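Here is the structure we will look at, set down as structure tokens.
Just so it is clear, A, B, C, D and E label the chains in written order, and each chain counts residues from 1 on its own.
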Amino acid sequence: MTTVLKTEGLNKSYRLGGFINRVKINALDEVNLHIESDAPVIISLVGESGSGKTTLAKVILRLVEPSSGTATIYDQQVAGKGAVPSKHTFLSSIQPIFQNPFEAFSAYRSVDKYLQRTANRINEASAKEAELNIEDALASVGLKYADVKGKYRNQFSGGELQRISIARALIPRPKMIIADEPVSMIDASLRMNIINLFLSLKEDYNTSFLYITHDLATAYYVSDYIAVMYRGTIVEFGNAKSILTSPRHPYTQLLLDSIALTDRKWERKPFAASDIEAKEFQFTGCRFRNRCPLAEDICKHDRPQPIALPDNRDVYCHFVEKTAQKLETTP
Amino acid sequence: QEMTDVGTPRNETLIFQTFDRQTQTPDQHNPLMNFAIWRGFRELGWGFLWETDTGTGESYPELAAEMPIPLNDEFTSFEVRLKQGVYWSDGEEFTADDVIFTLDAYRELQGTSTWFGVARINAYVSDYEKIDDYTVRIDTINPAYDFSTVLGVYTWGSAFIIVPEHIFSQVDNLAEFRNTYPVTIGPYTVKEFDPNGFWQLWELREDWERSAWGFLDEDGYMPQYILYKDYGPEETRSLSFVQNAYDVDTFMSPDSIKAAQARNEYITTFSPDMPYHNMDDACGYGVLMNLQRAPLDLPEVRWALALSLDLANVGINSVNGEFVASPLPMVDTQILRPIYFEPLISWLEELTLADGYQPYNANWSAEFVDTLGQMGAQDLPEDPMNFGIGWWKYDPEEAGNLLSSVGFTQNADGIWQLPSGEVWDLEFVIPGDWNKVMQRVGFSIADSWRRAGIQVNVIQVDNAEFGVVQNTNAERVTMLNWTNCIFTPNYLNSWNNVELEYVNDADATDTNSGNQYQWSNATVDQLVKDAKQIETTTEEFRQIGREIIQQFVTDMAYINIMNIPTTIPTNEYYWTGFPKRDNYYAVPYSWWSSVKEIVANIEPTGR
Amino acid sequence: MIKLNNLVATYTTERGQVNAVDGINIALPSGKIIGIAGESGCGKSTLLKVIYGDLIYPLALTSGNVEYGFTGDRGTEVTTRDIKEYWFRRISYIPQASMSSLNPVIRIRRQFVDFQGNVVDEAKILAEVREYVRSLDLPAEAIDAYPHQLSGGMRQRIMVAMGTFFKPDIILADEPTTALDVVVQKSILMLLMDIQEQMENTILFVSHDMGVHYQLTHKMLIMYAAKVVEFGDSEDVFSTSLHPYTKMLTDSLPTIGDDHIREGVSGRPPSLWDELVGCRFAARCPLATEICRQQEPALLEHKPGHFSACHHADQV
Amino acid sequence: MKMNFRLKLGIFILAFFTLGSLILPLFNDVDPSQQGTYFKNLPISGDHLLGTNTQGQDIFWYLVYSVRNSLILGVGVSIFTTLISAVLGLSAGYIGGWYDRIIMILTDSVIAIPSFPILIVLGTLVRGNTNFFILGLILVIFGWAWGARTVRSMALSIREHEFINTSRFSGSNTVEIIFQEIFPYVFAYMVVGFINSILFVINTEAALAVIGLSKVEIPTLGSIIFWALNYNAMFIGQYMWIVAPVVATVVLFLGLFLTSTGYNQMFATRRGHA
Amino acid sequence: MGLIQYIVSRVGAYLIVLFVGVTITFFLPRLMPSDPIEGYIAQMQNQAGQSMNPETIEELRTSMRKLYGLEGSIVDQYVDYIKRVFISFDFGPSLASYPKPVSEFIFTALPWTLGLLGTALVVSWLIGNIIGLVAGFYHNSRWATLLEIFGVILYPIPYYILALVLILLFAYIWPIFPLSTTILPGPITWEKINSIIYNSFLPALTLVLAGFGWNILGMKALSFANKEEGYVTFARLKGTPSRTIMFSYVFRNSILPQITALALSIGGVFNGALLTEILFSYPGLGLLMRTAIGSGDFNLLYGTIIMSIVSVATAALIIDLVYPLLDPRIRFR
């Protein structure tokens, strides 16, 4: 079995604020994920905005140094003490799609330069091959090379840029693509093309994905595994289909309840989302306890440990047994 | 009523541009230490045993009642009689106690004082004794024919400054005493000064008539205030001058003076015709060479430099043609010309170099006046001799002959090469912009040498470094220098150590302590030694001087060029009676002893 | 009623000119939430810019104008020409990028008031702002913070508050919730709905999330390649769409629990740079026939209040 | 690529100066710096387009040579200072850590030490054995630190942008990231620094001549001004002598300025900004 | 990195910069060929108009070496020097004006230099940045272009010439200001302050006019780029008056690098001081530096240079420490 993804005790803390009111934010707090598989897998990472998804991705991409812990991708340790993968193998096996497509390209370099560089350097392709690689990659996301060439980032729409980002990551045919909300700005019809593209890449090229998203429906559609994050901690992790059809953590349940569906309208009842983000990051016990209908004293003091359920998932909640039936999710 | 910047009535204030612009020690008026020397302290506030009459070059008694009386034939012991009825500004009388106290203090301060006079006097005086309140006896170490100029004043310098015993004896540590508002013996006292050192204001004492030199005044009137102030660099100073902000300038360049005169009719120069300025400065400009270092050790090379120096061009480009050329190693002044220049004219005309060439151009001045005329100069003098008696021919061809004769060659570009075949890269040190006139003269000289095919590397240096180059063989190749400061017929002040024992190696790094030309000439060595044994006013003494001059010239030991053109325009809007060619009672300089005479002679215009 | 009269908007680039909005002619009812959807790059943002009157280089309005359906301070009908004067007072704009839309070095509260020109009584206005923010159930401290001290969701909610503070007649929102998780998204949408219900303003809401449109909007406007292809009541558009593209949009999405394989729309949208003849969707349309490739379909009212630009609207 | 008016005017001025000062000397065989070649203080005439000065030199020809020499020196030195400050500043900002700290201490020291007294000391060391190369070297040594520090602080914030990561994952190496990703962001600022440096060189050269680090006999814009001031040209009515080099400097600078801002604007237009 | 660590590391870097600066300052002048003592002796001989005999000179030389503390190896001198400077801020006596201590010179001169040049620096920085801002922000407007061109034309004019022109205009042709500085001694009174301002106006004006050009250029480039930021666009879309956008948005964000530049340009003050002070006979450190060099007065030279190093380094340190207050985004990592 290959270790596709493994994180051990991953922690990352940031400090926020000025001189006086500085707070420490554990953007990653004891993140333990472990997936072994011989086949390629698609792992979804979902959760609250600001819960540390991007941070986790960046740690794996070696763009952020973890405060402690390690991360391993395809049997190769990529982050934490002692990780020194060779640059070329690393780049040709892992590629990112960054979250904000407007930021992902320089305002002073036309975007096609990045595609060319990727083809030339990582594929070590000749000029001609490179051209073909790029052509292919762009075509698979519904773009024409000629429309992209020589243009700067502000001359594209958000969705176009996002597709270009995806195309770039595809060029090296990596083993693992870390896709941070890759389709957030793409319309529904194209979105499916790209999601299907992921699936076929997985089939045809054995590419695994870490798919970070807010779109739970597509997550359900493509993923083998899913991890749900809340304020730097994993709250539920395991088989995607079972988690998304029968969530066992109160936050996952809240999440699924908040999806905007096309067949059932929301009840219009008072709805207050939490906002004291920084404060919740400081909690010692369960970080969801403020909004949790089940919260009791223990949640204040003890960080819930993962409880493995038979359908191949871990739930980080003190009261798993109570969550089997549907809860009233008013926080 | 118009007031000056410092709040005194303008028409009662005589204002001089300071010589050094700013002093770092404005509050330092203790003459036993280094002091603010260019602020009138020595001239207005002080008095000396003997002064120099800058008009004639003669010494006269000031605090002393008469000239020193030699007490022995060796000329090593003198009786000095003091005037009676001279008072310090606080009312104490000046007596022999002050003289003795000062001599004591000099002894005591040996080694701790930064005032050169201390070292000078201690090396000169062997013993002294008070005879009575108005008489002292002073013995010297060596025969002292120059007693009155060393213990008195030589043109502007004075080593022996007598301090008030009743003040200084109260001070614990004389080396740290600043004497900020001093008790003076001159007719003026310090009224106020700029703590930043840009100006100093003097006020006339009420009892000025019983001060050291109150007697110089004849009409019973002296200016109430005298201000020394800096009006900035020439660019701004000339504007102030046009606005009548001050009365006497120091070294304004000829072009600026002309421009200023065109704007203000009260601005006057020393003379109404060219060269307009007083050329009686004691020093001249000349090119000093390292006579020890090849190839300048060869007289042919030195002569070649002199003959490829186009003096007319240099003078026109750098000082607008206003200068007095001098081929001899001293300045051509009213005092010296009859004694040393005129007797040597015929010798110069007949002078021949080894190859038979006659370098002297007796017609130089006449030709120069011609050139000036062609260029449209006005006020040309009737007598071309106003520009000097003559100078060397400008003859690059002969210069080339001389160089070839010692093995020099010319390369394809016409640049002279050393006998070794290398290009002759001549280093030429000149002052930087702290002395603009010399700087210009220097560049002009370099330009004319370059035209003659000599590659010159001009190096402008700062004051301090200039002194070092001047005094260190290792640093010197050629330099433009003011040198040979001879004002009175007593040339020994400059030449007393042109002796063989003071000559160092070509590359010596120690400071030279004598023989500034580093010239080894046995004849001259003997002549100087002889001269020291003779009374300085005798004809015999002067004959020796002329012989030394001939040696200088034949050897071309250094190229004398011109008298320092001391361009001192005056503004006669408020004051008149400054020394002029037709009213010559003193040199017109504001930093010499002549100030005393000027202050005593000028009159307010009433404006 | 907001009338879009024959709008053509053009971008100027090195390569030449491109019409990102190419002949839109439609009247939008006032007091409703109107959703705009369409493939990416079809000109939705551009349309909003045009409506907002933000026509600066390189974007220019080549023809047409917008009538906003209200009279201005001078008593005349406001159009694209003078809409600038009413920015944020009668028409406001909520951009997607809350991250970069707030000045990082000054406090939020200043940014709340600095667009009102010469504020006479700043304290009073601030008090009002505070009151308003509280009325939206947002923490009042938020406006005392610097932008970077707030989470993305909070910033986006602040933007909503900012955009609605003056009770504008029209609110343009360009993908305001795209980067947010569904929980936060829901809170923002609810906020918008509440505000709209109270103030009865017109909201033009761009989103790719059909679910969001379904939850939020009264009317839907579907764009494709710089054109409007369908417009009608949301109910109708979702249940009985009259354009094959709309159909694909709503059908292609997966739902949780449904394990069917979904096909996206095959092919790619036409490049606006190319010369476009006929129906722009023809190349990808399952219903396309010869006429579609030859003749551009007009936007016609096929049912009362339900427009579609399709030659085969009846077959959808 | 469409050039805007600014850029056209700027390029025209620069071309005028460059070509003029390089080509004109071919038609002249008098050494313009030689003194007393002509009568002094001659007025403007057909023979002397700007008259002659107090040293008997032709002001026009002196100016032509001056512009040439100053341009060569200015551009040469500025290329190097700009390069050094770009390389050090960008790399320190991007790489960070110890490397950054050492570079910054070096930069700060150079900035903190007032250059003038040190230059004077150097001047006495070089002792007139200077040439344009040594002079250039000295100007470079004292010219780079400023740019490096500003560029570094800009690099510090730019390296946080995501596109740096995109570039890294596209296989760019450190050098490429520094020059292709970060550099364009500081480019406009550096161009300003570059032309400023040209001006700095022109103006400093004269000051250095005075302290013996350069030669006032060689015609440069600095040395003309040095001489004109030395002879109090403004006061004595030799206006051309002083006005000509000042106007030349100003116009030259204007040319550089228009070119740089015109280019920035053109590039912004190309990227689709107003 | 925590706050304390941040401060400690900044202060550490500060001390290293000072140390490096002081060391360079110590060794460079030692390489000067002009030995202050020899220079002094030469000067004395010139002043006196008489040459002294060799014995006298030798005696003078030894006694002066002792007085000036120039005995011992250069290493000893260095160690001693570092100790004195860092511990008691003592630069020893002036060599040319012995025994007046260097610190006394510096403390008389410093207020003048700081007063005039500091004020001029800040004023020209402000004016330059505002013009640059307007020029960058309204880069299409004719007025802004005019303003900018005005700055750009003034900027390359050599300082000295600019000063002369102003002097000609305002002190000669239309004499409302004095040609040379006159500062009366005495206690600080209103009258004296007035007189100082009157006397300093022209030099200050020159410095301002000569100084703001660079700020125009820098600020224009920065604000031109800043205009592309999203928040500026959004502010515009909010209908924020352009004046507010210009000041609260573009200015506030582009000024940060300019503040660093201001701190660092304090060093330029000391260079600029030189010319100004020479031309206007204005007392101050620049002139002091010039004198020190002219007379080979090491100690005085060290003193002035170190003063300058300390000022620049301190200004930079202060800016670094205060920067987080100006830029709320700064995070310590």
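The rule we apply is simple: a contact is a pair of C-beta atoms (placed from the backbone, for glycine too) under 8 Å apart; a residue touches a chain by one contact, two chains touch by 3 or more.
Model, not experiment: these values are computed from the prediction.
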Any chain that touches chain E and chain B: D
Reaching chain C from chain B through chains that touch each other, fewest steps: 2
CA centroid of chain D to CA centroid of chain E, Å: 22
Chain B and chain D: spacing of chain centres that average the CA atoms, whole Å: 44
Between chain E and chain A, distance of the C-alpha-averaged centres to the nearest whole Å: 54
Separation of chain A from chain C, taking each centre as the mean of its C-alpha atoms, in whole Å: 28
Touching two or more other chains - residue numbers and ranges from chain C: 11, 13-14, 97, 99, 148
In chain B, residues with contacts to at least two other chains: 235, 239, 462, 465
Residues of chain A touching at least two other chains: 16, 99-100, 107, 155
List of chain C residues in touch with chain E within their complex: 52, 54, 84-89, 92-93, 95, 97, 99-106, 110-111, 114-115, 117, 146, 148, 162
Residue ranges of chain A touching chain C (in the complex, touch as defined): 16-17, 46-51, 99-100, 102, 139, 142-144, 147, 150-151, 155-160, 162-163, 181, 184-196, 214-218, 220-221, 241, 244-245, 254-256, 258-263, 265-266, 268, 270-273, 275-277
Touching residues on chain D, where the partner in the complex is chain A: 161-163, 165-167, 169-172, 176, 180-181, 184-185, 187, 270-273
Chain D-facing residues of chain E, complex: 13, 16-18, 20-21, 24-25, 28-29, 31-34, 139-140, 149, 152-153, 155-161, 164-165, 168, 214, 217-218, 220-222, 224-225, 228, 257, 260-261, 264, 267, 270-271, 274, 289, 292-293, 301, 304-305, 308-309, 312-313, 316
Chain C to chain D touching residues, read off their complex: 11, 13-14, 56-58
